[in-house]
Every structure is written in C-alpha cells, then in structure tokens.
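What follows is a set of structures for review.
Across the two complexes that follow, chain A remains constant while its partner is chain B and subsequently chain C.
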Partner chain A sequence: MQFSFEFMFATLPALIRASGVTIEVALLAMLLSLSVGTLLTIVRAFKIAIVNNIVGLYISFIRGTPLMVQIFLAFYALPSLGIRLGPMTAGILAISANNAAFMTEIFRGALTSIPAGQIEAAASLGLGPRAIWLKVILPQLYMRSLPAIVSECTVVVKGTALLAIITVVEVFRTAQQIGSSSFRPFETFAAAGLVFLIISLVISQFGMWLERRYQLRRGT
Partner chain B sequence: MFDISVITGNWAYFARGIGMTILITTAGMLLGFGIGFLVALLRTATLLPLRIAVGIYVEVLRNIPFIILLFIFFYGLPFAGIRIPSQVAGTVALALFCSAYYAEILRGAMAAVPSGQIEAARAMGLTHLQILRDIIVPQMWKFALPPMAGTTTTTVKESSVLSTIAVSELTYQGLIVQGMTFAPFEVFATVAGLYWIFTAVLTWGFHRAERAVGSPEMTEVIRSKVARKYLSLDHRM
Partner chain C sequence: MSIAAIVRASGIALATICLPAIACAGPVMDKIRATGKVTVATEASYPPFEFMQDGKIVGYGRDLLTEVIAALSKTIGKEVTLEQLDLPFQGILPGLSAGQFDFVATSVGINAERAKRYAYTRPMATSVQTVMIRQTDVDKLKTPQDLNGKIIGTQIASASEPIARKFDEKMKAEGKPGFADLKLMTSYPETYVALANGTIDAVLQSGPALAVLVKARPGIFHLMGPLTDQKSYLAWVTRPEDDDLRKLINGVFADLNKSGKMSELQQKWFGFKMETPDEGYLPEGAL
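For the complex of A and B:
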C-alpha cells in the first residue's frame, strides 16, 4: 500500500472539528490546575507541618506515576470509593490533578525569585497578608512563571490524547475511529500528529507574544 | 475496603509487568541516549539542511503526544515493509521519543563547556574526535545530569502508554488483573505504587551521580581545596 497524502488531508477537517474537544478539555484543565496550584502555593506558605507533608506527598505521587495510571485511577478506581464520574469529567479531573502538582512546583521556583525587600516594603507600608498575596506576590508570580506556564499548556494538550483510552472522543479517538473504518491508520494518525503539531505551534507563538507583551511589566 | 488478596493472589502479573517495564525503559533510554547524542552532534553540523532536518526531528517529536507517535510508528512500520513484535516497536518508539529530549539537553550541556578550552585544544592540534572524547564529553555530565533525571523519569512514565499496543508492561498487566478481579482501586493503586518506587529509585540514582560529578555552580568550589573548606556544607565531599 502507498502512503496517500490525499487521504491524510481528507481526514483533517474531521480531526480539526474534534480538536474542539481537545482544546475545551485543555482549557478547563489549565484553569483548574492554575487555581489549585495557586491555592496549594499559598497553603504551603503557611508552613503547617502536616499540611505541607500531605502536599509534598501529593506532588511526589503525581510526579512519580504515569498520567495514564492517574486517568485509570480517576475513571475506574474512584467509582469503588463511591465517586462516579463520566469519562470527560474524570479525564479533566485527572489531568488537572496532574498538572496542578507541576504548577505548584513552578510557583515554588518563581516564589524564590521575588526580592525579599518587596515583601518588607509592603509590610512596612501596612499591607495585610491578603493584600501582599493579591497585590504584590501573585501578579509577579504569574509573570515570572509565564514561560513555564505556556510550556505546561502544551504538556496538558498532549496529555488530553490519553483520554481517548477512556472513550473521550477527541482528536486521537476520532483518528482511531477513522483509521479503523478506512483501513488507513497510518495516514490518519499522521494527520492527528499534524493537528497536535499545529496546536503546539499556536500555543508557543501565543506564549512568545504574551512574553513580549509583559516583558516590561516583568521588569526583566 | 482494600482487598489485599487482589495483590497477593496476582503478584506474578505485577512482578512480570514491572520487570518488562524496567527492561523496555532501560533499552529505550540507552538507545534514545545514543540517538540523542548523535542528533545533538548533528545540530552543530556545518551543513545547513542537515541542521534544519535535525531541528524538525526534535520539534516534531517533542510536540506530538507520545501515544500518537507510537501509533504512527506502529502502523507506519508495515508500510516500510518492517514487521517486528510490538515490544520491539514500542521500545524503539520510546527511544525515538526520549532521544529528542536528550538531544536538547546534550546540545545545551555541550555548549556549556567553555569555548576557550575547545579553542585551546584545537590550537594544540587535537582532532575533532579527540576534542569530543577528551574535552567535551567528560565535562558535559555536570550540566546534562540534572535535566536528564527529569527526562528519564518522564520516559518511564510514558512507557505506560505502550500498554495500548499490547506490550505486557506494568500498566498492561494491571489491566489484565483488573479484568480478572474487577478490583480497579486495588489494581491501579498497586500499579501506581510500583511506578512510584521505580521512579524514586531512579531519581535517587541520579542524585548520587550528580553528586559524583558535582553541580555546575559548585565545580570551582570543589576543585579548590581552600574554597571547599569554607564554602561547602556537604561533609561527604
């Protein structure tokens, strides 16, 4: 059999339509993991030994186990604890839980780069903890970790392909369906690869644009 | 709640699974490191088309989900007239995947070796191969090892994706046991625990290796006996 570029391009419209689900999942997971990551960072800063140990254990578990197994845990194992979720919800939950751990580590790194003098200045001006977090630390935290957040974005997008295994019909699952009904899996998966390549490219370009835009504010 | 008999009754599956995972990740990482090293060298090639081709190789492999790479590779091989068992195909796909990451790390690590040393070596008449073997490679490890630790654990984790092409590694064995016992919680907790232990051992190994070659910031300090006395807090050095 010959590789058919014609067939490959013919599958693109269906795959691009399916990428709506991929992008939706990725966006939700990004938003969730950014919020959870921020929350965990603030919680960690309180330095309560037990809480920090639990957060540490959580991060270690997430970083030490495959996303695929985490997805299986969310989809197959949670029901035996009485939590029943659809494939889409379980998938978003697993990817968010995964990415939140990496986000927390990114924020931890960015936190150390904030000059101590700023916090001293803020405290001496009479700002409370709430204002220090919201007005001084967090805006800079996000700015400083922008490149890392953007690269996490592509990691999340790539992670969504694994949701095909728990029957979420995104780009990869659509490709599997087309591939098995047309007996041309090679072309279809190549087309799916192309779709992901384009999404990644758009994200990294958008990231660069954001970085340029906020370069002055970041003061670097 | 947690039915321990699921583990004790099927331990042979899990043992075979982690054995297979260790085998394919070790083979994949070694092969991937070799390819990555070559790619890193080619990225400094003088021939522009070659440099561009290698750059595309790295970007494509880094930006497509591993599961899709695996399927392209797995279904593309018959097109090239190659028929190999899924374990071998999966291991090679894993190697290609991590080679792109290793290539970027090694390129950075090689570039971090002071250029003055390379100029000096060239002035003394060392050949390219000698410069690579005696000057660059011995010194690149301290820059390469810390990021390599991350890539290596990522490779171990991505190897779970090989379960989708029926390679009998840990995740696949877990799915088999779960099909027999209908105890997903116990099964996937065990599978996750085994991965956790494996990656923890790997991370520990890399930490040991990093200490042996010294961190980039500390090299100057370690080299100088006087500086080490004052500036190092690690009693083992």
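For the complex of A and C:
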C-alpha cells in the first residue's frame, strides 16, 4: 500500500481537535494521581500496619494487572456493584488510580533518599508534623522525583489511547474512525502517533524546564 | 500480552462479574419513556454499514436507526433524543450486558454462541464470509483450498472468527495442513494493512464490507470469493429482558423490507440488494 504523506497531514486537523479530550483526561489524571500519590505517601509514613497493608495490596493489584483491564472494569463491571460512572469519569478515575500507585512508589523511593537528620533537625527546631511535611519533606520529594514524575506523565498521555474501549473518542479512536472509513489506517495511525509524540514532548520539555529552575534554586 | 489477549482476558473476567447486572437491569422502554432519551452503541469503523464522515456517524445502519428512532418516538408519544456512542467492537456486547447502553445498533453477525446470551433483532443484511487477497496473488490463490499453509487474518471475536476456525478444522480433518496461522486483530482495518504489507495472506470478512473496500482502493486487493457457501445474517442486538424493544425494531425492519425502503437503502450504500428473512434466522437455542 502506498504511504501518502499528503493524506497523513490532511488527517492532522481532526486529530488535533480530538486531542482536546486526550489532554483534558491526561491533565486531570496527572493532577489526581499526584494528589493521591502524595496522600498515600503521607498516610504510609504513619506506619499503621492495617492501612499500609491495604495500600500495599492496592499497589500490587494495580501493578499486577494491565491498565486495559482496569479501565474495562471501571466502566463495565462497576455498574453491577451499583456504581454507574460516565465514560469520561470512569476513564479518568481508572487512569488516575493506576498512575497514583506508580507515583506512590516513586515517592517512596524519593522519601528514603531524604536524610533522617533533616527531619530530626526540623523537629528539634520546634516544627510541627504539618510544617515538616509541607516545608521540608514534600518540596524535596517532588524535586528529587521530578524526572520519574515527568516520565509517568507521558505514560498517562499514552494510556488515554486505551479509553477508546469505553466509548471515549480521543485521538486514537478518531484515528481508527478516519482510518477505517478512508481505508488508510497506516497514514492515520502515523498521524496519531505524531500527535501523541508532540504532547509527550511538551510534557518532557516542561519537565526539563522545571528541573533547570530547581537546580538554580538549589544552587547546584 | 497482546491487546487482543488482554481484551479477551478482561472479557472473560467480565462475563463472570456482569452476571448479576443482567439480572437486575430494568426494562429499557420504561427508561426511554421517562427520560425521552435513548443511548445506542455503534462501532463506527465498519463502512458502509456505519462509519464516520465529517464528524458524524453515517451509513446503512445509521439510516435504519433514523427510522427506528422515529418509530420509537411514535410509540411512546414524544420525541426521543438519540445519543449514539462509538466504541470498538470488543466493548459493545459487554457494555450492553452492563447496561451502559440501551441497545446495539451496529452490524452484529448472528451466531449460535452469542444468540444464547443476547437478543438479536430481525436481520437487516445478509452476508457470506468472503476471502480477500492481494491483487498480486490472484494467480496463486484461486479457491479456498489454496489457503492451505497460508496465514489468514480477521477481527477478534467477530462473526468471521468461528467460520475461519471451522474451515481450518475441516481442512485438517481432510488431511490437509490447514491455515499456517489465524491472526486475530482488534479491527478489520488492521487486517487490511497486514494484508497489504504481507503479514497475512488473506482477510476473512463479510462480503458487503469488502466489496466496498475493493472498490475504494482499486489495484491493491482482490476478492477471491466466499470461503464457504454458508450464509450469515447481520442484525442488531438488545438485552434479553427488553423484548418489547426488540419487537419494535423487528417491526420497523419488516415494514422497511416490505415497502422496499430497505433494499433502496442497500442499493444506496452497497450498490446491490440483499434478501433478509422475517423469520427462521435465529439458530437453535437462541433467545
């Protein structure tokens, strides 16, 4: 089959329009998973055995099953438990739940790299637990795990392509629609790949910019 | 794990999980009457049955749906608004069971296995599972028997899949090698690309859709003809408990067929007419 660059570029406007949905889902999922990841990291630091077991179970379920299955369950299986979510809500929640588990693990790694002496010093200066988390631990946690957070965010963007299975028409499904009605799936999928690549590049560039900023702040 | 395998695994997981949902979902006609809204699932990547054009779902099935919605509005005595969702085929039947849509308006091949769990409407198209090959193989692959030792591709969980398997078993029973491999892709358009680039040697799909493809992309593909002479019917699907809705759709289809409107629409989208029966289209043990 002859590859037509002309056709590939002609599909871009429709795909860029559809990327609105992709970006919306990805941004919300990133925010939610960062928040939940932070929350779970703090909760875990309390070292309550039962709670930590539950968090551990959650993380191993998420890491042990494909995102596709999690999305499928959120939309098609939850209704049988009486929880009926719209496709967008189910999709955003499934991706967030998935990503939050990975964020929690990333933060766990970063947390161990913060010297205990800092926290002891903060405590001996009279800082309460709230201030220690907000002023001492979390800022460093985010800075140290920034490269990993950024790479997780690009995973989120690519994960949105799986939402087609639950009726969310985003970039990938739009490409399928154009590809099947024009009988040129090759060109449309290449164009969809290009759109995903551009979104991911924007995220990774933004991450680099943040890293440079924090390096200045740290004076390194 | 490939996507196809994941879809299949989650499908099996769902089949077990969703059983209670089937039992407790309420009759859909009451819901439509109360809300004035109907939600329909379509796989809009199956031209000319249903596909996207200028951001809208169009095609033979969409034209039929317009007629069905009009009849539905008349039955309940008020204008029904239509919400038509587009999703990949693998999500369509599980989603119907889970109650995420009211019925399925996409071309679903009638087969015995599905008919035990889902309520098929009267068929609106007839098809024969047809083999498509590369134009360059026309001299090598002439009859279905030439497919021995070749790689066949089709859509996973489609009506074509069991027919391909049956044909393969038949050839093996006759002492022939059978297909070298049966590749199951998530959608038909992927099989076209695989055929064009040589990953597979033939595509198996229902005839009407392939006829339109060969016309749209001349010089690349060639229709070998039917794999078996077994006819199959394409229909829509409702939930088993929504018998009143199924009867309504059946009535619309039968009327359209009688008045000649159905063949008119077939002429418009396919360029030829198909015979569809009013009865006797369901396999034994069907709902």
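FYI, the second predicted complex is superposed on the first by the 214 of 220 C-alpha atoms of A that agree within 3 Å, B and C clash if a C-alpha of one lies under 4 Å from a C-alpha of the other, contacts with A are read in each partner's own complex, and residues count from 1 in each chain.
Everything that follows uses one rule, which is that a contact is a pair of C-beta atoms (placed from the backbone, for glycine too) under 8 Å apart; a residue touches a chain by one contact, two chains touch by 3 or more.
Quick caveat: nothing in here was measured; it's all calculated off a predicted structure.
Visitor: After aligning the two structures on chain A, examine chain B and chain C and state clash or fit.
Guide: On the shared chain A, the partners clash.
Visitor: So, does A:201 touch the first partner chain B, the second partner chain C, both, or neither?
Guide: A:201 contacts chain B only, not chain C.
Visitor: Is A:3 touching anything from chain B or chain C once the two structures are fitted on A? First, second, both or neither.
Guide: Only chain B; A:3 stays clear of chain C.
Visitor: Of chain B and chain C, which one contacts the greater number of residues in chain A?
Guide: Comparing chain B with chain C, the partner touching more chain A residues is B.
Visitor: Quick one: classify A:64 as touching chain B (first), chain C (second), both or neither.
Guide: A:64 sits against chain B, while chain C stays out of touch.
Visitor: Contacts for A:190 in the overlay, against chain B (first) and chain C (second): which applies, first, second, both or neither?
Guide: Touch partner of A:190: chain B, not chain C.
Visitor: Report for A:49: first if it touches chain B alone, second if chain C alone, otherwise both or neither.
Guide: neither
Visitor: Quick check for you: in the superposed arrangement, does A:116 touch first (chain B), second (chain C), both or neither?
Guide: After superposing on A, A:116 lies clear of both chain B and chain C.
Visitor: Looking at A:169, would you say it contacts chain B, chain C, both, or neither? Reply first, second, both or neither.
Guide: second
Visitor: With the two structures laid over each other on chain A, which partner does A:181 touch: chain B (first), chain C (second), both, or neither?
Guide: A:181 contacts chain C only, not chain B.
Visitor: Tell me which region of chain B runs into chain C after superposition, given the options 75-83, 93-101, 111-119 or 129-137.
Guide: It is 75-83; the other listed stretches have no clashes.
Visitor: Which residues of chain A are in contact with chain B in one complex and with chain C in the other?
Guide: Residues common to the chain A contacts of chain C and of chain B are 1, 66, 68-69, 72-73, 76-77, 79-80, 164-165, 176, 179, 185-186, listed in rising order.
Visitor: Given the complex with chain A, which residues does chain B contribute to the contact?
Guide: Result: residues 60, 63-69, 71-72, 75-76, 79, 153, 156-161, 163-164, 171, 174, 178, 183-185, 187-189, 191-192, 195-196, 199-200 of chain B touch chain A.
Visitor: Residue numbers of chain C touching chain A in their complex, please.
Guide: Residue positions touching the partner: 1, 3, 6-7, 9-10, 13-14, 17-21, 24, 41, 44-47, 51-53, 55, 85-88, 90-91, 94-95, 97-100, 187-190, 192-193, 196-197, 213, 216-217, 220.
Visitor: Mind listing the chain A positions that touch chain B in their complex?
Guide: 1, 3, 60-61, 63-70, 72-73, 76-77, 79-81, 154, 158-162, 164-165, 172, 175-176, 179, 185-186, 189-190, 192-193, 196-197, 200-201
Visitor: Any idea which chain A residues touch chain C in the complex?
Guide: Those in contact with chain C are residues 1, 14, 66, 68-69, 72-73, 75-77, 79-80, 84, 87, 164-167, 169, 173, 176-181, 183, 185-186.
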